[in-house]
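Listed next: structures, encoded as structure tokens.
The following pair of complexes shares a single chain, chain A, combined with chain B in the former and chain C in the latter.
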Partner chain A sequence: MRKLLSVIYYEYIMQLKRIATLGVLACTVVLTLLDSFPSAKNLARLEFLLQPSYFIYRTLSFGALIFAFGLMFLLSNRMTIDRKTGMDQLIMASPVTKSQYILGKLIGGFIYTFTVFSIFLTINILIFYICVPADVSFSECLIPLIKALITNILPISIFISFTSVALPAIVDVRLFYALASVLFILNAVSVDSSDKMPFYLVTSGDLKKLIWLHPKFPYINTDGILPNLIFLLGCGLISTALLLLRRKIWRNEQ
Partner chain B sequence: MYNIEVKNISKRYRNGVVALDDISFNVKNGVFGLLGHNGAGKTTLLKALVTILKPDRGSIMVCGYDAKSQGDEIRKRIGYLPQELSMYPSLSVFDFVKYMAEIKGVYDKNQVNYALQQVEMLEFSKRKIGQLSGGMKRRVGIAQALVGNPKILVFDEPTAGLDPEERLRFRGILSRFAKDDKTVILSTHIIEDVYQICEELAVLRNGRLFYAGTSAELIKHVEGKIKTIKINHENQLIDIQKRAVVISTTYDSGGMTVRIMDEKMNFPGAECVSATLEDAYVYCMGGKSYA
Partner chain C sequence: MSQVKNELKILGINPILIFSSIVVVFTIIAIFAGEMLNLSLIGFEVIFPFIAAMSIGEWGKIKADDNYDLIAAQGKSLFSWVLYRSATIFATVTLFAIICMVIVFHIRSEMPLPEMIFVYISPAFMLTTLTVMCNLIFTHEHVSTLVCGIIWLLAMLSRSMLRYPVVEYIYPFIRYAGYHDRIWFINKTVLITLSAVIWTGIFAVYCKKNR
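And now, the complex of A and B:
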């Protein structure tokens, strides 16, 4: 157990210390604020922008989508880099098991994704809270943030971290990039609707509706939430299972 | 008792290449050299020793544990430095060695500091690995192998690319380590390293064990066959190359001095000189000179 915790900890630290993480975070915060900063122009364009829950809802549709795919690319080399650098040889020559190594990488990646996503949303909502030209209480900002972290960011983080760490170790990384790009395009072209959204949406699926509902359609379409959740968690867990079952990546046990 | 016992191991890769062919040897305490040309099977043999790779046939016993059934016990007692290792650049020297220590089951920070002290890297412990020179990175690699005080160290080409000062430092570390009733397996191309610190050695050639024993015994094989000839023209060198193995040529003001291995005694009048381990290695490689 302690070895697993060590792999998780160092995997997390290594990712967090990457300058690229800071770069992706800064870029996506700027892009999010360009789209939904509570300026007079944006307030005139977006009817509900004075509501903190709508701000987070919109952030998930736009900035979070870019951030999610940025993280997918950042995480995609976590297994393959060990093979390229020879670190896999060193780790395999240590008394650590395959499951400790793989789960350490995956859980470390998950905690990292959840952390930076939380930072991303927190920075955005703080800027909103400071700058919004209306009487908005801190708790009005905090509640949708917590809601978003639990209902959306948690499954999104599992999807991003588990698939991005595991799949490039199973398939050619170029195929993974192609699949990720297709998914990004599908997400980017999807338009918000009160009807059931496609289940394969990462940040703008029906789960997002748990944070904010359009006043004209004040009901939650439960038919769409579960498939969206199953897709996010299922993809992550299947990727993990495939990686754990793959024999080629670990030492040739005698 | 031997620390490592290798019995009749063979390994054939999926592409049909026979990397190891019926290799057997034993290793006691001290520094044991492993010599051989590129592709001779040295790395494959080391991978089998550290239980990363499974031989098709044969058995390996390390510290009394069978590699087939007690791999984890062996891994607890081994420090390994692979041939090509680029460590995590974003981690500090201390964090990297601590990480490697923890996955070995060593959680004592003092042991990490001790390992860094051994390789004279303690003062750079906060520096990021990405900011280190090649020699310093090698030292960190050695430190991670030393951490936890393993019984056996396995180093694959550790001095490749190091400057002479770093190589001397490295030899010192290995010699100090091997003093304490430990075993070091040193795979290298650099014969000087083996000559300076290894009591025993093995020579691999095309996956087969060509020799296993002491350096002195190996040198004896070529004693009396190593000669030097002084020549004036390069044309004479071509003639010599046809009749003997040219080990080296040295140019001087009067022409050149050619060092040869005269197995067939084609040059009875040439001056006989004492043989070195390098001469013996050329002999082991089937008379393939690198001159």
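And now, the complex of A and C:
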């Protein structure tokens, strides 16, 4: 257990200290605020922008999608870089098992993704809270933030981190990028609707409706929530299983 | 010609397999996707240009190439290396894009083939030019693809920016955004011109430099 925790810890710290993480975070915060900063023009354009829950809902569709896309690239070389730099040989020479190594990489990647996603949403909602020209209490901002972190960011983080770490170690990273780009473009072209949304959406799926509902359609279409959740968690877990089953990855099984 | 052959050898079989699988996916989508999807526009104005940019970012590495120092030390001009490598990859992707276009045209007949090629070329040329620029700047792998990927996704998500007057002339996916009048033709010409200007800049900087 201590070895697994060590792998998780170092993976997490290594990822968090990357300058590219800060770059992607800063870039997406700026883009999100360009889209939905509570300025007079944006308030005139977006009817419900004074509501913190709508702000988070919109952030999930726009900024969070770009952020998830960026994180996918940052995480995609976590296994391959060890092979390239020869680090995997050093790790294999130490008393670490295959499952400890793989789970350490995956869980470290997951905690990293969840952390930076939480920072991303927190920065956005703090700026919103400070700048919104209306009487909005702190709890009104905090409650949708916590809801978003539990109901959306948690499954999204599992999906992004597990697939991005595991799949490029199994298939060519360019094939992974091509498939991911199709998925993200489907997410980008999907239009919000009160009806059931496609289950394969990453940040714009029906899970998002747990945070904010349009006043004209004040009911949750629960049919789409479970498939969306199963898709996000299922893809993450299947990727993990595929990686654990891959024989070539470890010393005794080559 | 020998340089192109060398680049094709370096590329290997992987891109051919990946692009072939994309052709299969496009064929399946063209057959089974409903009439609500305009595959000719989303496929060739949006998806294939990114595949071209991603391919140049991943297979056309310059500063991130492990042999960069070796090649730079032996060559007189970095530009010819950049040009041959990028052009070879771009031509390979374009060949597969045209195969997909022919298939989609025969199955769905959504728009004429020359128009599909024109719709594809300008965003592909622009995104790949940006990727080449990133390849010349960044020394880490995947960063070029990351930068171009974010620009690509951002452009898709910022269709609302088209409400500003000048944006319609530089927005890369103008046909997909629903512009069918003569603006889209000007837009495509502007994108190609901008990309040509960037290539001229790359030539001016790197024609006599080996690193």
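Structure notes:
In this section, the second predicted complex is superposed on the first by the 252 of 254 C-alpha atoms of A that agree within 3 Å, B and C clash if a C-alpha of one lies under 4 Å from a C-alpha of the other, contacts with A are read in each partner's own complex, and residues count from 1 in each chain.
Please note the rule applied: a contact is a pair of C-beta atoms (placed from the backbone, for glycine too) under 8 Å apart; a residue touches a chain by one contact, two chains touch by 3 or more.
None of the values given here were measured: they were computed from a predicted structure.
When the shared chain is aligned, chain B comes close enough to touch A:Ile91, but chain C does not.
Legend: residue contacts after superposition of the two complexes on their common chain; A:Lys3 is shown touching chain B, with no touch to chain C.
After overlaying the two complexes on the shared chain, residue contacts for A:Ile220 are found with neither chain B nor chain C. Look at A:Ile13: by the touch rule set out above, it reaches chain B but stays clear of chain C. After overlaying the two complexes on the shared chain, residue contacts for A:Val189 are found with chain C alone; chain B is out of touch. Interface residues of chain C, counted against chain A in their complex, comprise 14-15, 18, 21-22, 25, 42, 46-47, 50-51, 54-55, 58-59, 140-143, 145-146, 149-150, 152-154, 156-158.
On the side of chain A, the complex with chain C involves touching residues 20, 24, 27, 31, 35, 62, 65-66, 69-70, 73-74, 76-77, 172-175, 177-178, 181-182, 184-185, 188-189.
Across the complex, chain A is touched by residues 47, 50-55, 67-69, 71-72, 75-76, 78, 80-88, 90-91, 95, 99-100, 102-105, 107, 144, 154 of chain B.
The part of chain A that touches chain B in the complex is made up of residues 2-3, 6-7, 10, 13-14, 17-18, 84-87, 89-96, 100, 251-254.
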